[in-house]
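What follows is chain A paired twice: with chain B in the first complex and chain C in the second.
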Partner chain A sequence: MSTSPQEHTRWTRYAPWILLALILIFPFIFPSRYLLRTMVNIFFFAALGCAWNIIGGYAGQLSLGHAAFMAMGAYPTALLLLGLNVPPWLGFIPGVFAAVIIAFLLGHMVFGLRGPYLALSTLAFGEIVRILLLHFRDQTGGSLGLTIPFKGTDAWKLQFASEQPYYFICLALLGLCLYVTYKVHGSRMGYYLQAIKENQDAAENLGIDLANNKVRALMISAALTAVLGGFYVAYFYYIDPDSVCGTDLSIKILLVAIIGGVGTVWGPIIGACILIPLTEISNYLFGSGRAGASLIIYAIILMIVVLFSPRGLIALLPGGERSYRHE
Partner chain B sequence: MDVEIVLQAIVNGLMMGGVYALIAVGLTLIFGVMNVVNFAHGEFVMLGMVMTYLLHLFLGMDPGVSILLVIPVMLGVGALIQKGLISRVIGQPDEAQILLTLGLSVLLINIALLFLGPDYRSVKTSYKLSVWAVGPVLFSVPRLLAFIVAMAFSGILWLFLTRTDLGKGLRAVAEKPEVATLMGINPKKMHALAFGIGIALAAGAGSILTPFFYTFPSVGGMFVLIAFVVVVLGGMGNIPGAILGALAIGVTESLTSQFVALDLAMLGVFIIFVLVLVFKPSGILGKGKVY
Partner chain C sequence: MTNQGESANGVLLELQRVTKSFGGLTAVDNVSFSVRCGEIFGLIGPNGAGKSTIVSLVMGVYEPDSGEVLFQGKSLLKLKANQVVERGICRTFQVEKPLLNMTVTGNVLIGALLRTADHKEALEQSRGIIERVGLGKVGHVLAKNLTVQDRKRLELARALATRPTMILLDEVMAGLTPLEIDQSLRLLRKLREEGVTILIIEHVMRAIMNISDRIVVLDYGKKIAEGGPKEIAHNGAVVEAYLGKKGVRNG
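This part shows the complex of A and B:
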């Protein structure tokens, strides 16, 4: 790299603050509904990618069923709102507890498995939750899903006619996910997870409790994912088993992290900044009815990243190497 | 409960299980020889279905004939995919091959979606609704034919692996790649052959499914999950294990949908899957590759 270390320091010191300021004033400069929705989508998927990254990236335990945790946050939020008029900002809490408990149980069951076996069991876990959501249609609405009626702006219920409030709520949630990731990144647990990712047997020989650390990482990841599930209900007003618990969603979540850069704080944001606008462009070019087009692009990018830059696109940025932990 | 209903459910399950077996032996062969878990396997079932559908639509070809075209074509396609893509991730961390084949799966589904649209399409054969009664038990003719063809191809694979030099070469690479190389076997060629055979069998299973199963772009998803369950149940890389596992899963699915709830059929399958993974990840027939 031609730039000197000092320049890196200057770049990394000021750039995030300038960027943050731009993001904060963005909704006031560009009040376009469409642009803001795209931005909310970017924040949302970046946050999901961050949450996934804690278990999938830092700990290297590939989860292909993460959408199930989102459903665990989304369904209680929607049911409490529809049945008991509990506002989403309170109603998401039981779902988060449910997700953490399920993550604890699931983790203890499957984390003895490695590689493809683990990936397959998490895939099956996601499908089990989706099948159950479809089956108990009296409670969940089955494949028809649950629709939240919009009854005019009501801040108590997080219902807003304008796009700006959602923009800031989602930005705050992204901030939360980044903060948690940052904490994990620099903690003792972060080092343990890194060691587990590099070589589980060696990590165990060094006295690291594999099961305990992996399960804790999954619980943190599941909790954040469930919180985002609650936001999904407030923002999209509609959930069904395919939209919040499908394998497609699980794959999209991990794509964001992997394309950006696994095991880095900022990787998922880069991933979301690439994937979401790509979806928009492809919907514009091919029509949103042909949803296939954007996924074709995702798939090709994923394959290129796996073959040529397995550590994600962040590794190609100036100074990107430093986003990783020590190696 | 009625004995006849149970018997009927078991027969239906076995016939579907035969098709699962053909899909799963391909998956387990690829795993056994190359140590690659092919997440795109279901999409090759879909490609086989689409090819058969198109051959029927434009040429009026019967699925029983098109399978003889689909299998050699997919054999070549598989060898090319192995050379161009999969060979690059062999020997790399598991994540690389999982993500690469996952990407291939998403790619194939969405290419099919782009060209065919999301509609459910069916192949109408003259025997589509024919039924053959043996006492109280009814055999649907297309399902029975599918079962027989699937078992025949699984048997041919078994003979190929145990009786021919090429088949023995494949097994040698599966067992000890270094020693096989010393014996003058080119592991790269064997990998291409294994991947080609694996996905050709999956596509062949797709062909024989078309008379009684709708063809649509994401149809592979359910078959790949079942094939994974079967392969884990039988022991990864174990071909007789895969055939037995497939029949067992077919029956489990059929009994669950008959006696528990129609939409929970897959739940029984997945619960068995997770239990086997957690308590006996080497499969019910013991461990290791068996041919």
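This part shows the complex of A and C:
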């Protein structure tokens, strides 16, 4: 916070590139499967956090059912792969279309609501999708889920025996989400979303079309989340309504963004870098009490952030405050 | 800078027999008046007279129960607030609504972005407006850290950034010192010179009598007087509305 302007500029100029270089060579220096898996998890949740951030962070519309969009990407990908041997990098496309259309409809339905009522309606939306997935068990496999058999390395189907390819694919997806966030951040829509978040009445009286902007943000966010749902199928080989559509997942996604820094480009990455390793540590320490233990960790981190740095941990970094403000 | 699309006799905004009730309370009762291009039009009346309701009716926050609101000859009735702003009317809020976590420049920039999607152009315009309203020194300050007078200036600056044909000022003088009021009046006169039509709601009599070309007085939702400042000041019904019958009897 008290770096001189020259030091500050040097740091912000070179640090990202150094970091990127390290990330790119990391899998070759540390080929440990476990470490690489953890890194993929970090990338994955950072990307999900970025996607959520567009509607939840920038626009300030708390979406508590975002996992549903991931399911909308995952299920078509899995079904097309299993039924028609369509590779995941094609199969996700119908999923994205579905997610965008449903985001459009959902947005127009619920964005008239404010505050807790909006949050509740998105929570209900997530649950409705999950229950529908359970209900149509003949098509979706219900609670038994869908298992993708691994038949040896097959690049066409994105099946790899080693972690490295997944590492780079997920990193690329994270790059995509960051790029989209960056474009939104610098665009007129980004400014408008921030205004909407700050004060909807003021925003409307400056000529901002509330519904349009919010719905478009949701559509972008849903599309990215659905793409990540497609990756989930290719990487984890198993989906079921709870793992890809559960409220736990929705909450984890938004935590990543909130802890790191809502309404910033890099915030979710920081959030994932904190949350994922801590989850791993808690799983290691508390063994069988797994699910409960990680939730306690999330709660503690969230409380710490809200008390000491409500705008996210990114605000604590040198130059972090600049991530929020425009002009 | 602004485009005036007035109807034949120079009328920019027209309310025709507008009525609005909330439950059992008639807030605006059969009110009609017109605002001409380039004028400064005052709207006064005791508290609860319906002045702010009229602003909300014009901005599309409420629909009138009956009557018509015409701007540049076209009806505003079915429009949402942001569409009214696009047409060229902008309001300031009596209780200011700054975008707290953004800077002064950021706040005004949002307004300017309505008319141009080009960031650089919008920023230039914003800086110009910020200078004109007297916020030049605080452009980088977060809105939540502004003084009251600066907050009011920010409300005005943001409204101006949308390049309105007409501005509705809702009690902008409240809480200002006499010196600050004079500064504001000078600014409003400059705006009028630039072609902005102004409808101003005020309680500060000194201000509104000083600056208005014409004034309409409301009381309990009804229009009780209309005319120039001198006529209004001597209008018995107006004095009575503010001071009550007793006040009139005692001179």
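Basically, the second predicted complex is superposed on the first by the 323 of 327 C-alpha atoms of A that agree within 3 Å, B and C clash if a C-alpha of one lies under 4 Å from a C-alpha of the other, contacts with A are read in each partner's own complex, and residues count from 1 in each chain.
One rule holds in what follows: contacts are C-beta pairs under 8 Å (C-beta built on N, C-alpha and C of every residue); 3 or more make two chains touch, one makes a residue touch a chain.
It should be emphasised that the depicted structure is a prediction, and the values quoted were computed from it without experimental measurement.
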> Which term applies to chain B and chain C once both are placed on chain A by superposition, clash or fit?
Replying inline: fit
> Thinking of the overlay built on chain A, is A:123 touched by chain B (first), by chain C (second), by both, or by neither?
Replying inline: first
> So, A:199: does it touch chain B (first), chain C (second), both, or neither?
Replying inline: second
> Which holds for A:138: it touches chain B only (first), chain C only (second), both, or neither?
Replying inline: neither
> For A:113, is the partner it touches chain B (first), chain C (second), both, or none of the two (neither)?
Replying inline: first
> Looking at chain A, does chain B or chain C touch a larger number of its residues?
Replying inline: B
> In the superposed arrangement, does A:188 touch chain B (first), chain C (second), both or neither?
Replying inline: second
>> Looking at A:207, would you say it contacts chain B, chain C, both, or neither? Reply first, second, both or neither.
In response: second
> With the two structures placed on a shared chain A, what shortest C-alpha distance in Å links chain B and chain C?
Replying inline: 12
> For chain A, which residues belong to both interfaces, chain B and chain C?
Replying inline: none
>> Residue numbers of chain B touching chain A in their complex, please.
In response: 37, 85, 88-89, 92, 94-96, 98-100, 102-107, 109-114, 217, 221, 225, 228-229, 232, 261, 263-264, 266-267, 270-271, 273-274, 277-278, 281
>> Using the touch definition from the top, list the residues of chain A that touch chain B in their complex.
In response: 60, 62, 64, 109-110, 112-117, 119-121, 123-125, 127-128, 131-132, 134-135, 247, 251, 258, 290-293, 295-296, 298-300, 302-303, 306-307, 310
> Where on chain C does chain A make contact in their complex?
Replying inline: 59, 80-83, 85-86, 90-91, 93, 97-103, 105-106, 109-111, 113-114, 117, 119, 123, 158, 161-162
> Any idea which chain A residues touch chain C in the complex?
Replying inline: 186, 188, 191-192, 194-195, 198-199, 201-210, 324-327
